[in-house]
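Below, each structure is written out as structure tokens.
The same chain A turns up in both complexes below, where it pairs with chain B and then with chain C.
Let's look at the complex of A and B:
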């Protein structure tokens, strides 16, 4: 098994775990963490694409690395917005779950 | 580039206009954030006419040259650079957003004034985010690169989510959080699909990708993931759960923009993916699945809307239903044998539905906002007499409803008639049944509201506040736009097809 395949499988496992957590956990904070887990898996996949696409003596294709940096910023911002909304929800109501009663 | 695409290989003259379309609202948003306080509204009011002018000039340019307007950021051509492209579809959507955002802005002036009696953050946030949403929408409509489109989608989400919780009530914060979680799941699935495409084909540029993509498992996996992610953002059944609380909880101008425009952006990207990225990948079964989800959304959304006690929730569920119509174009317009899905009736009908729903739904949410303001509540059963108190508003609501039901004369009528014609002429009669049933149900929920509003009240109606005529006039104007779309002769709809035949030739190469 090549390194790229190994990393690819790792990222698939991360994405699967994250998806499971995002769908099944009622706690909003766990959902946010699960989203970050999926994000890590996707970014790892970018690394795999960079390694596999490398040609002409380069160690890696630079384009996916540039994309990952943007993706990391977006994921960081998403997490910050989600956590601040969750904090506000906790301050207002004292609950940290999203009940679907409305 | 040795790509024999009939696309212009370099930036076209006038391409810089596309940059202007994105950067103008963004500069406005940044200035509003920097200068704060009373300036936010004024900046927005300056940006609005300028933005309309840019959209009109771009439309004129595309109509005159009959070709795609193109710009390469920094002069770098794809695959390394990022392209902005405006085809007929983009300019129609840009024009719609510019007009609608300006209308909503005029309406919102009274609700989010520059000089509130007490220090308030809501006006600053509203005007800043309104401009941010505009910039993000334009970026979605003219983006030519799948990763760039991901960034534009995220910008749109971050601008839209805080609008939901603008008044800070706990239930709206919960609605915003749920919306954000759905949107994040959607965008990460989209990104996963994008990286798979990049890994397989080495480019994310839509035009280059459409030349390289082949019908193989990795492409199917990527497109399925991206479509699923976009469906979550577009709130197509069964991903609609976040929409009603979010759209009904937001202040009226915010609801109008969320329901009218924001949910159209992911739909627009699904169209890009299915018709532009993979024009040569015939897949009727997958298109039927999208159609079935759309049909389920139409029926269930309308039935649930009928049972709502609150006016804003009723309108929000009707959005769920109307989004369903948009996805009927996939089974109706995808015809692998002929390879020209964009010239079919269903395609044009679907696009017209997107635009007329934008105007109609924005007008209805704004009308509901005025009614709620005047009465102090928005319970449907206690609307009696409001037709006499706010005749212009209720008339505007009715005109919007006309378009949703699909009665002539309205944009919604032409759109639904075209979808019906397409369903019958394609021999897929079951979609025609869905369109007709959806129209009947929409007639039901619009009638429920209008019948109550026009009834005589048992005791004289006491209004909580008076509503200025100018705000009612704005709502009526937006509603009239939805009606007037029904009078536009079909010839200008050639506009939406500009830039399409080129792709078709390339696809059949």
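Let's look at the complex of A and C:
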């Protein structure tokens, strides 16, 4: 098994793990963390595809690598907006969960 | 290979900690460590440009943002909230295991030989004047993605600012404690910021030939601004200042203008004439780096929380 395949399996586990955290944690901040774990798993899959496409003297296919850089930046700004929403929710209601039964 | 197995196990271990930790703050710390380990994975996957971005942005800036939020929420987060029932937990675990297995199967069934665009990138890289293929993709082949991305950055900042209460619109983001001139944080800021700014500019500049580029450089510059603000040495400006708005839109505006000029000088939107492609790309990248740095720093600072005086 190549290193790329190994990290591919690692990203598959990360996606499942993040999804589990997203479903089971009631606190919004934990959901944001879990969502970032899913994101890391998906980005690593791009990295695996890039590594397998190593050719022409490059260690990996630069196109998926560039897409991941774009993805990382967008993931960060989404996290920032989500955190701002959460802090505003906390200011307004004093709650940090999204449960609807109150 | 032994190193890869160790690293993969560590990454998964820290990820499990991030999901399973009882304390939210401990989970955030776990996530920061996770980001640094993933940066190492990127190095192992021969993607140094991505590794730099992950370390600076995915771990550093995201970590700072989440730690700030974790501190503010710590008082209520420690009070145990309702736990999901055993049935929900078990069925969620089953569904997630199924999805992981599905993705793992896809990894094993990836086509051989792997499809790649690397030869096309190598064949045309001379026309961009750059030597590092990743910025060549970002700034030339897929420049439209990058242009849209920096516009997404601006939209995200607008969304964050929109969360300010009505009476604070246009005010100053975050808290400001005057600098404690004997404090450790002030000392670190005074020592680190000049070096950090230099490193940020270097990483931006080196991007055309070696791993680096405008996003990595801008992230480091943003981190230095945040450090100065945390140490109380400078205050964030009120978000309604005209000069600030100009800095924020300068990069995307120059990018868009040169993209439009491509119709006249190279026969298409965002096309560069090969004889001075590198000069054009640099003309875009310099204001773009400043705009991205300012946007990232203000995103971490959050919506306005204090009224602007005067």
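Here is the rule we go by: the second predicted complex is superposed on the first by the 99 of 102 C-alpha atoms of A that agree within 3 Å, B and C clash if a C-alpha of one lies under 4 Å from a C-alpha of the other, contacts with A are read in each partner's own complex, and residues count from 1 in each chain.
One rule holds in what follows: contacts are C-beta pairs under 8 Å (C-beta built on N, C-alpha and C of every residue); 3 or more make two chains touch, one makes a residue touch a chain.
As the structure is a prediction and not an experimental result, all values here were calculated from the model.
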- Message: Contacts for A:60 in the overlay, against chain B (first) and chain C (second): which applies, first, second, both or neither?
- Response: second
- Task: Mind working out whether A:98 is in touch with chain B, chain C, both or neither, as first, second, both or neither?
- Result: first
- Task: Applying the touch criterion given at the start, work out whether A:27 contacts chain B, chain C, both or neither, answering first, second, both or neither.
- Result: second
- Give one of first, second, both or neither to describe whether A:72 is in contact with chain B, with chain C, with both, or with none. second
- Message: Under the stated touch criterion, name the partner, chain B or chain C, that contacts more residues in chain A.
- Response: C
- Task: Applying the touch criterion given at the start, work out whether A:52 contacts chain B, chain C, both or neither, answering first, second, both or neither.
- Result: both
- Message: Per the contact definition in the header, classify A:35: touching chain B only (first), chain C only (second), both, or neither.
- Response: first
- Query: With the two structures laid over each other on chain A, which partner does A:9 touch: chain B (first), chain C (second), both, or neither?
  - Reply: second
- Item | chain A positions touched by chain B in one structure and by chain C in the second | 15, 32, 41, 45, 48-49, 52-53, 63, 67, 70, 74, 77-78, 81, 85-86, 88, 99
- Message: Under the stated contact criterion, what part of chain A meets chain B in this complex?
- Response: 15, 22, 28, 31-32, 35, 38-39, 41-42, 45-46, 48-49, 52-53, 63-64, 67, 70-71, 74, 77-78, 81-82, 85-86, 88-89, 92-93, 98-100, 102
- In their complex, what parts of chain C are in touch with chain A? 1, 4-5, 8, 11-12, 15-16, 18-19, 24, 27-28, 31, 34-35, 38, 41-42, 44-47, 49-50, 53-54, 57-58, 61-62, 65-66, 69-70, 72-73, 76-77, 81-84, 88-89, 92-93, 95-97, 99-101, 103-104, 106-108, 110, 114-119, 121-123, 133-138, 141-142, 145-146, 149, 152-153, 156-157, 159-160, 163, 213, 215, 292, 296, 299-300, 302-303
- Item | For the chain A and chain C complex, residues of the former touching the latter | 3-21, 23-27, 29-30, 32-34, 36-37, 40-41, 43-45, 47-63, 65-70, 72-81, 83-88, 90, 94-97, 99
- Task: Over in the complex, which chain B residues touch chain A? Could you list them?
- Result: 79-80, 147, 150-151, 154, 158, 161-162, 165, 168, 170-171, 173-178, 180-181, 184-185, 187-188, 191-192, 195-196, 198-199, 202, 241, 245
